[in-house]
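Below, subunit A partners subunit B and then partners subunit C, in two separate complexes.
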Partner chain A sequence: MRLIPKEIESLWTLFTAPTIWAVHFLVCYVLVAVYCEKAAAAGFTFAQMRLVLVLITLLALAGIALSAWLAWRQWGFGSGDPPHDAPTQEDRLLFQGFATLLLSGLSFVSVVFVAVPLFFIETCQP
Partner chain B sequence: MSIHSERKIFGRLQVVLPFLVAGCAGRQSALDPAGQEAAEVYHLSVVMVIGGGIIWLTVIGLLTHACRRRRSAWSEEGAGRLIAWGGVAFPVIVLFALLVYTVWLMPSIRPWLGRAVAEPDRIQVIGEQFWWRVRYPAEEGLAGFETANEIRLPVGERVVFSLRADDVIHSFWIPSLGGKMDMIPGRTNVLSLLPTKTGVFRAPCAEFCGVSHAYMAFSVVVMERNAFDDWRRKQASGNRPEGSKGERLFTHHGCVGCHSVRGTTPIAGLGPDLTHFADRSTVGAGTLANTRKNIERFIRDPSAIKPGAKMPAFDMVPPGDIAAISGYLAGLR
Partner chain C sequence: MTDVSMRDLSHEERAKQERELREVWQTPSGWRYWTSVNNTEIGLWYGATAFIFMLFAGVLALLVRVQLAVPENGFLSAEVFNQAFTLHGTVMMFLFAVPVFEAVAIFLLPSMLGARELPFPRLAAFGFWSFALGGVFVCGSIFFGAAPNTGWFMYPPLATDKAYSGVGADIWLLGLSFIEVASIAAAVELIAGIMKCRAPGMRINMMPLFAWYLLIVAGMILFAFPPLIAGDILFEMERMFGWPFFDAERGGDPLLWQHLFWIFGHPEVYIVFLPAIAIMAMIVPTFAQRPIIGYSWIVLAAVGTGFLSFGLWVHHMFATGLPQISLAFFSAASEAVAIPTGVQIFVFIATLLAGRVIFSVPMLFGAGGLAIFVVGGLTGVMVALVPFDWQAHDTYFVVAHLHYVLIGGMLFPVTAGIYYYYPLINARRLSERLGKIAFWLMFAGFNVAFFPMHLAGLRGMPRRVFTYPADVGWEWFNLISTLGAFIFAAGVAVVVIDVVRPKHRQPPLEVNPWQAGTLEWISEPEETWGVRSIPIIKSRYPIWDQPGLLDDIKAGRYYLPDVQDGARETLVTSVLDARPEQCLRVGGTSIMTMVAAFSLGGVFIALTFHWWMLTLVCATLTFAAITAWLWTGTAQIPRSEVRDIGLGKSLPLYRSGPQSVGWWGMFITMAGDGTAYGSLMFGYFFYWTIHDDFTAGHAGPGMLWPLLAASLFLLAWLAMLLARRVNGSDRRWLMRAMLIFSAFLTAAGCGAGLAGPHLNAMDPTVHVYPAIVWVVAIWTAVHGALAIVMQAYCLARSLAGRMSARHDMDLQNVVLYWHFLVITAVTSFGVLGLFPAVR
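And now, the complex of A and B:
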C-alpha cells in the first residue's frame, strides 16, 4: 500500500498550494496584529514570534514544494508537451498535473513575497 | 504639417513649457523635496521611473525586432526559453527586488516613532470645512496656543502631528516635506516629518471635502531655530488691546463670536484664530494673498470667494467699517 496514491482524480489537489498561500498570509498578518495588541500580556517576545513565523513560512514552502512534486509526477515529469486537450482520461490527468505545477510555482513565489517583511520588521508600532 | 502651423505649435510650446517645468520646483512639489520623507519618496520615484523606462525600451525594442521585414522563425524551444526567462524569471526577480527595496524604505517614509511621542507634545492639526485649526503644545515654560492655516517648524528637527477632522474626511499633505495622511472624524492619525531646508511651502487638502475643497490649503514656514523661538514666544503671549476703531468694530459686528484675537477678545473657536493674522501669507486658507483689499473682499462676502464657506457675508456692514476692520486685521503682527 502506498502512502500517497499515484494519481488523484480530484480537483482538490489543484487548490492545495494556493490554499497554503492563503492560510500562510492570514496566519502572518493575524498573528502579528494580535501579538502587537496583546504584547504586554504575551509570554514571549517579538523576536520569538518572528522566529515562529519563519518556521511557519518554511513549513508552507515545504508543503507547496511537495504539492509541486506530486503535480510534476502526475504530469509525467514533463514527458509530453502541453496543451493536453484531447478528450481522454490520460490528457485530463496530464492537464491537471501541469496546471497544479504552475499554481504551485505561483504560490511558492507568493509565500516568499509575503514573508519579506519578516526580515525587516523589528518591533510593534507603538 | 505646414511650416506655419509648426511654428505656431512651437511658439505655444515656448510659452507653455516654462510653466510645466516650473511646476516641478518650488513651494508645492514632491519633485523638489525639502524634507527627509519627501526625499525618500522622490528617490523611490526616480528609481521606479528609470527602471520602468529601461523595461519599456526593452519591450519596445523586442517589438520592433519582431516586426522586422526579413526574419527567420524562432524554434519553439527558443521561444519557450524567452518566455520562461523574460516572462517569468525576470518579473519575479525584479518584483522581488522592488519589494525588498520598498519594505526596507518604509520606516523612513513613514517613521512610526511618531506614536512614541505623547499626545500632549504633538502639534495638533484639525481639518475643518474649509480651513485648518492648528494647536501647538506647551513647551519649556511657554504656553500652548491655537492658530490656523499656517504651520511653522524649526529646520532639522523632527516634528510629530496629530491629525483629526471635525466634519468630513480631509487629507494632510505637504508635498515638499512628506505625507500624505488622511484626517478622519473620530480618529487620530499620527504623522512624523523632518524638514531639512528652510523656506515657505504650500500644503493643499488632498481629499475632496466639499465645494471649496480646492480652496483649502495652508502654508508651511520652515525657519531657523532662533526665528522659530521668537515666533513661538510671540504666539504664546498673544496680543494686547490697542483701542483702535477697527478693534472696537471687530467686536461690535460680532466677529468675536467666531474668531479669537488672543489677549484681546474672549476665546471663540468656530472660525480660524486671528491673533497674529498679519504674519500669515494668505486669506481664506491659502485662497488669496494677505492684502488689505483681499481681507475686505473676504469679509464682505466669503462665499463669493470660497463657495460654501462657513462664515456669513457681512455685505450689510458699511464699507467704512469693513475698511477699518481690515486695517485692524492687517496690523495684527
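And now, the complex of A and C:
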C-alpha cells in the first residue's frame, strides 16, 4: 500500500479542496448552532467547543494542503507554464493539476476566513 | 486523437446526405411547428418568452416608481403596490433571470460543443412548456387582483396568513414549484450534455469557458432549487391543511422558511450571474482578437464561486437574532466569495489589455455592465459586514445593491449577448447605431435610477413601503430615481425595437461575422441539423487554429455526415478526453412533451384552487403522457448493434449503465431529489434544536413500524440487485419474479412506514412534531410508490420484448433509483423510529 495515492484519472479531484471547505463550514455552523440552542443540556463549554473547531480547522487545512500537493505533483511541480491548451492527454492532466492547485489555494484562504471568528468571539451572543 | 485521413464525397453523395439530414431534422410546419423539440427552436422560444416576462415585470417596476415619485402619492393603492413589487421581483428572478440562461444554453451549447443536439431534447421541450405555462399563470394573477403580495421571498407568518395573502401565496408556491421542475430538467440536460456530448477531441482543458460555467451552474441548480421545493411543500401543507411548520404557536418556526428560502436564494444570485459572465467570457476573446488569458483562473473562479455561494445564505438573515458567532461565519464566507468574483474581472481586463480591442456594441454593454457590477460588488462587501448590515437592513440601500449586482452582472451582459449572438438567429446583425443609443440610455438611466437609492436607504427609507411622508428628506431621491427608471426603460425599448424590426432588406451575413474562434459560429441559421458533420477538435478556438475546419465540416468530411434508420443522432464521448463512445439516437418531434407539461400544469393550477377532482384527472393524464413518452422514445433497441460513423470508426448504438446518458440523467435527477429530501430532514432536526422537547409530549410513530419499514425497503433493494444480476445472465423469468417480489416488499414497506404515525394517532394539525413525521413518512412512501411504478414498467418492457440481458438500460436506471431510495428509506425510518428514543 502506498502512502500518497497515485494520480487518479477523474474529474472529481478538482472538487476535493472546495468540498473540504464546504464540510468544514457546515461542521462549524451546525456545531455552533446546536450548541447555542442546547447550551444548557450540553456536557461541554463554549471554550471546549471552540478548541474542537480549531482542531477541525487544522485538519481541514491539512486536507487542503494534501490536495494542493497532489495537484502540484500532477502539474509537474510547476515545470510547464499555462495555458495547457494542447490537444494531448498530458496537457489535459497539467491543466487539471493547475486548476486543482488554484482551487486548493482559494479553499485554504476561505477556510482561514471562516475560522477567524473562532478566535475573536467567545460566546454565542457577545 | 490520432489524425485520420478524410475522404471527399462525390457531389451526389453529398447532396443525398444533406437531403436526408434535412428531412430527419426538419422542423414541422403549421400548428405542428409548436411540437418541435429542436434545440434552436426551444432555445429561441425560451428566450423570447423570458424576455416578454421581463418586459412585463419592467412595466410593474415603472408603476412602482411612479407611485414612489412623490410623497403621499395615490397612483396605486397599497394592495396593488404590494402585488406589483412582489410580482416584479418574482418574475424577474424566476421567469427571466434563470430561464433566460437556460434558453441561451439550450440554443448555443450543442453547436458550441460540436454536437447535433443535447442528449434529452424532449426534456428541454417539456421544461420550456412547463415554464411558459407556469409563467403565464403567475403573471396573469395580477389582472384578477390575486397576485402574491408578500414580497418575492414570501416570509411567514405574513404569507401564511390567508386573510391577508389570499390565493396569491398559493399561486406563487405552486406556480413556481412547477417552474422549478423546468429548471431541474434543464440542469439534467446541461450536465449530461456538457459531460458526455462534446465533439471528439474536446478534452476538458479545451472546453469553451461558457460550457465550464454552465456545468457549474447546472450543478448549483441541483443543490439550490430542491431546498426551495422542500420549503414549498411544507408551506403549501400549512396553507392547505393547517400543518403548523411555520406557526410558532404550535411549535413551528418561521425562521425555517427563511433558511430554506435563502439556501436557495443566495446561490440563485450566482446561478443568474455566472451564465451572464460566461457570455462575457465568449465575447471578450473575440473582440480582443486573442485567446483568453487565464483559462484555468476562470475555471477556478467558476468552481470556487459555485461552492462558496452555498455558504452565504444567512447574510440575508443577519437581523433575525441568530447567534453572533454564526453570523460571523457567514460574514467571513461572504467576504471570501469576493476573491473568485474579482479574479474573473481581472482575467477579462488582462485579456483586453493583451489583445487589440475592437470596440463594438457587445463590448460596450459588457464593459458597462461590469462597471455597474463592480459597484454592486463593493456595496455587497459592505452589507456582508454584520454591523453595517444592521444599519442598512431592509432599507433602499439593499435595493440599490441588489439592482447594481443583478442588472450589472446579468442584464447588461445578456444584452451584450443578444447583440453578439443575434446573427446566429437570422444571419443579420442588430443596428450598431441603435445599440449605442440603447446602451447610453440604459447605462445613464440605470445609474440615475439606482444610485440615489443608496442615499435614500442611508437616510432610512425602508423597502416595500407604498408611500412616505413629505418631510423626511426622501423626496428628491425618489423623484430622480423615477426619472432614471424611465430613461432606463427607454433604452430597453430601443433594444426591443432593434430586435423586432423587420430586417429582410438587410443582406444576410456570412457565417461567423465577428471572426470569433469558438464552435458555435459554425452553425448555419437556415439549417436545422446543428452541424453538418461532427468535427475533431484540437484547440480552444478551433475556428482560429484549425485551418479548413469550416469547409471540412460543411463538406461532411467528419463524423456522422449521413443518416441511418431515419434517426436523429449525435455522438457521446468520454468525460475527460472526449473519446467517442457511442452514437446516441435522440428523440425527435413529439407532442407528448407538450401534453405532459400542460397536464402537469393542470395539476398545479387545480391544486391552487383546491379543485381535487380536476387535480386527479390532470395527474392521471400527466402519468399517461410521461409513460407514453418513455415507452415510445427511450431505450429503443436499435436494428443493428453498431453504426459506422465515418472516418473508419464504428460505435455501438446502445449502451446501458454508467456508460449511458440515461443513467447520468437519473443520477443527476436523484442528486437533486436527494437534496430536497435532505432539506426536509434538516427541518426535522431544526425543530429538535429549537425546542427542549421537540415532541412536546406528543406520541411518536414508535419503533416497531418504522424499523419494519426500513427493513422491508432494504430487502426490496436487495431483490432489485438480484433482479439486475439474474437479468445479466439472461434468466428473464427469475428477473421478472424478483421484480414482482420487490414490488410487494416495497408496497409493504410503504404501508409499514405510514402505519407508524397512523396507528399512533399522530395528528399533524396539532403540533409541528407529528406534522414533520408525517411529511417525512409520506415523502418516502411516495418515492416507494414511484419505485413500484418503475418496477411495473420494467416488467412490462421485458414482457414486450423491449428489454433483455443485453439491452437493460431501463433496469439499470431503476436500480440506480433504488440506491437513492434505500438511503432515503433507511434514513427516514431509522430517524423517525430511533431518534426520539436516543436524543
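Here is the rule we go by: the second predicted complex is superposed on the first by the 120 of 126 C-alpha atoms of A that agree within 3 Å, B and C clash if a C-alpha of one lies under 4 Å from a C-alpha of the other, contacts with A are read in each partner's own complex, and residues count from 1 in each chain.
Everything below uses one rule, namely that contacts are C-beta pairs under 8 Å (C-beta built on N, C-alpha and C of every residue); 3 or more make two chains touch, one makes a residue touch a chain.
Bear in mind the structure is a predicted one, so any value in this text is a computation, not a measurement.
Within the superposed three-chain model, A:125 lies in touch with subunit B and with subunit C [touch as defined at top].
Put subunit B and subunit C next to each other and count what each touches on subunit A; the higher total goes to C. In the superposition on chain A, contact of A:43 is made with neither subunit B nor subunit C.
In the superposed pair of complexes, A:92 makes contact with subunit C only, with no contact to subunit B. In the superposition on chain A, A:25 makes contact with subunit C only, not with subunit B. After overlaying the two complexes on the shared chain, residue contacts for A:34 are found with subunit C alone; subunit B is out of touch.
Within subunit A, the residues touched by subunit B in the first complex and by subunit C in the second are 109, 113, 116-117, 120, 125-126.
Contact residues of subunit A toward subunit B in the complex are 109, 112-113, 116-117, 120, 125-126.
Against subunit A, the residues of subunit B that register as touching in their complex are 92, 95-96, 99-100, 103-104, 106-107, 112-113, 115-116. Per the touch definition, subunit A reaches subunit C in the complex via residues 9-11, 14-15, 18-19, 21-22, 25, 28-29, 32-34, 36-38, 41, 82-85, 87, 89, 91-92, 94-96, 98-99, 102-103, 106-107, 109-110, 113-114, 116-118, 120-121, 123-126.
On the side of subunit C, the complex with subunit A involves touching residues 1, 195, 201, 203-206, 291, 294-297, 299-300, 303-304, 306-308, 310-311, 322-326, 328-333, 335-336, 339-340, 537-540, 575-577, 689-690, 692.
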